[in-house]
């Protein structure tokens, strides 16, 4: 198995194909057009199909149909396009359909710009659409991790019969890194045949129905209780995070995800070289959020720094985790501007020197 | 000024007309069709216009156009329809356009059912769509309050140049109560002429542009900083809540909003009559959330009960407010089922008797 | 009453307003955007409403709704946009709804170009959409006539409860000429109140239903017989045409409509000055087509010249009229190119000199 | 090669697959849903793809994309759905893309009914959409012929790079007959590789562009001249018709197509058995229309009967062919009602007895 230099978007697409994804429906939007482009070339080679839909609304219903038929299917978009899929995603979750949705975030709100952002965190993790449901949200910080998470995403989607989102920023989509794909790969969950899928019964079994409509409120409540049991299981079993220098002493704990975490790791190396005690917890799953890991790591620090490419969205989950047990500081850029290692170094130094003010949210 | 017996949906619609709303664009969905129906009859009488759009996506762009032209405009829908407006709402917020959006929540996810729910709380308050923005969310608990809040909503929308959402449940939309409209009514905020609107300049002034696209990331960051300043001001100035028996002693503090709060008030009357010390804080604005009011009131209680028609959404904001300072208990129904006063009485009694278990979220 | 210098598109729009049109629904397309632009400014002044729809498909359904409610309503578009309205127009005709549709033809097929054309003649007169129906088609050759025909169109639409199309080319839309509007204007047909309209009955009369669905084939056949009776009456009563020098001797008869007829009239003046015996019949209604007028005039000539901005579309109706009784010659340009007076002069001269070949179609 | 009993819709679908059609895009509408249903089952078996589009508008653009990529692609619909494809079909013709479009006509106008009709003749042959273009129209009268014509349609579409329409009525779609498919089948035209298709050049050749936009009117005129040359060639080379008893004496010539021709053949058998001299010309291509064949056959008769399931649409082409050389009589039903053999017998008998009146159109 050799490494191949690939753009993030292409690695995501290839990983999906390697995971057995045969179908892709989407509508183009910068900065993730390399994903549909790659899929349009690649899927016919494996007997699959690529369809550019009339709109993101149409695409979100097409993946519903394909997932209902038991196929592995993916869509990808960027922020405004994901908003257009909101209703469809609620239908997918309500009907318990496994799909993988890639959001390569661009800066908003509205049309905004085409440069990287993390401002769809709250949308992805809390309020993606109407009704009580959640999607698993996986946030890679490298091309290799993006490829690995895409493959895991298909297994998780199938196992939980629920949409899984890959939440990246424009850097994850655009930068190039060496990546390798495991040729023979075992599913990460024990997967059962999709006996629920509408594959055509022809009298050989009772017909399957894929549906999110329950006009009887008692049945709809039962359905919701069933869904919540599933989300509770996800919260219990699927939390992922990575630690960076948390096995050493540290005064400041950084919490960051995605490419911002990568910037922070560079800054931490520099800071530690200069004798500053800094560590990081990097959430990999944004839902379920690693509340306990963040809390435990924070309790070993004097203060916590949250760094984000947004006005402050993940910070709400850090506050939930910490419950005011440690002061929280915040470093961010918006509108497509990036946080630099120097800014992180400066901010941490200011915190250590008592020149930074904590923030409050709730 | 006399009171008139009206259905909630009709009162909401009439209140909008009284507030100077001349335009309505929407697409029908149960259980709020009385709003567009009333508007289609009423708006022509005041020289306005009602348009049933091709879809909620279309409606969300039509209100963009009308608001950009400086008109007072409203749309209404129910849960799945609001999800379809997600992209449009982000555009409205990004372009700083004042509109009033009514969401009469039905149970989900997906198509779900047509009975009342509060399961769009997280969507409304946290993740309505992509990008860094918020909408003011007002949650009435009676028909009179619904009418009053609709009128306030137009002033708040104009003042902050931001979408304002009325978040009701099916009961607010369907039940009938006496309601009165203030004939002469002063705006609740000092409003300035909409000199930014695209009303046709004909050379008399520089052209106005309504836009959310900023390809230069520095400009987009500045735009986001400007928006955040506005949201900070909203958090500082617009928090609304109501207290119920908090000026008396209480062991248990209930936090609930909308019709659930009304159910709880009945239960509290019954409990207090039986000598049980219970009080309630009812958030009226869901964004901005009354964190301080909830926290202060909770500190006077031994434990807190959150009651919701969802799997537990507002409870996240209560946890942020309390920061583990008091145990939180939870009572809910889902799928269109209602919480009854008896259930509230039973739950509070169990809490007082030590037979209820607290819940943890973060 | 004074004449005002106006662009054709604006005169068409103003004429509609003068005719009592209160509503306009459309989607922009070159070269007729001055019509919606003018309407968006003008309709609010008369208590009407202008809506830019999501698409031409949406617009064609909005005019259905407005006409069904008994209002005078117009839409306008150019060739590709009219094709998108095809289904809607069949619904309008099937449901017997009066609307005025303006098609300012651009060159096709497909996206084509934005310059004038007459290549939608067959679409307008024969095969606008599925099913047995026709629309009245009025083809002006000047701005004044365009304004007059628009006003007549509303009366004809109401009288026959059928769509009426104004078929112009880009020159009619773009050129400027003095135009006057009759201030007090009697309808050209005796119009009855629209007792069939869905105006809200509130129990005061049986509900009206606007519908084109008849699942019982006997009823649908009766409905079609009723429609055909109407189209027969239109053919009998509404034929319009203009003659040019047909009361003098002529060897060559030109048949042309719209701005091409105007070019031909210039050529005829020149030819007659040079002693060449030429005359013209100009169809004003394209459906119903002035077959008899064309035939009678042709029988006084030795040969007939058809001039069109298409590959030859109206020529089919001239052939039907003549039934091989006279040789037909053809002069045309396509793709937005115009026929010039010189080309007409040259062609007629060639015909008179025996240097032009006749054409055959059927 | 054995015959198989098949429904018309299924035979049409299977014939397409046998012809190498790999892709189908459409939207369901009665009475032709068996075509998409069959395709959704069959295409994956041959490595193809079936997509139910968001609408007929979407489908008409998807076949544009697929044809542009050089694939054999088909769509099918019924009358209102074909109207929705009008714009798309003009784009296909303008961009010279080979597709096969099946229209199983239902009665109109508007929603109409779901029973058989021939009322889309004028739409199909004259005015399908804006601009100067034609589609080849093939009208089968049996299931076997439907299957054969579908296979020919793909060859004709590819050869002329133009849309080809199969125009059937509900009977063709719904009835069952034995049908056989030629296993090895030579194309009916000499086909060249699609070197113009956008298959991805990767620098190996100059990029191909599929386009119908020509902003320069001179270029658009040249493009139109090129298209007309092609349509002229089609008129010259592709006329198809069938004669029935025209090699014997006849007083009455019937002109009919599709299943009406089949009804007429039964009537003719009966009439000839009773000693009545009747024959028929059955157009198989409606564009190009067999004007010469109809004219020549008519000149051997005393009078001509046109029978149609419409108000009289093909009769216009018969009038063009005959140019008043013979009296034309007309028999029709509308709204989904069928013409019976008895009605044909009665009409022909009345014609022979001088009890039928001729009709006039132009």
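Order as written gives the chain letters A, B, C and D; numbering starts at 1 within each chain.
We take it that contacts are C-beta pairs under 8 Å (C-beta built on N, C-alpha and C of every residue); 3 or more make two chains touch, one makes a residue touch a chain.
Keep in mind that this is a model prediction, so the values were computed, not measured.
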Chains touching both chain A and chain D: none
From chain D, the most remote chain by mean C-alpha position: B
Chain B and chain D: spacing of chain centres that average the CA atoms, whole Å: 57
Whole-Å gap between the CA centroids of chain B and chain C: 51
Approximate Å spacing (C-alpha centroids) for the pair chain C, chain D: 28
Contacts with 2+ other chains: residues of chain A: 57
Chains grouped in pairs wherever the two touch, ordered by label: A-B, A-D, B-C, C-D
Of chain C, residues touching chain D in the complex: 57, 79-84, 86-87, 90-95, 105, 107-115, 117, 119-120, 122-133, 211-225, 227-228, 231, 289, 291, 310-311, 313, 316-317, 319-321, 323-324, 333-337, 361-362
Touch list for chain A against partner chain D, complex: 41, 47, 49, 51-55, 57-58, 61-62, 65, 200
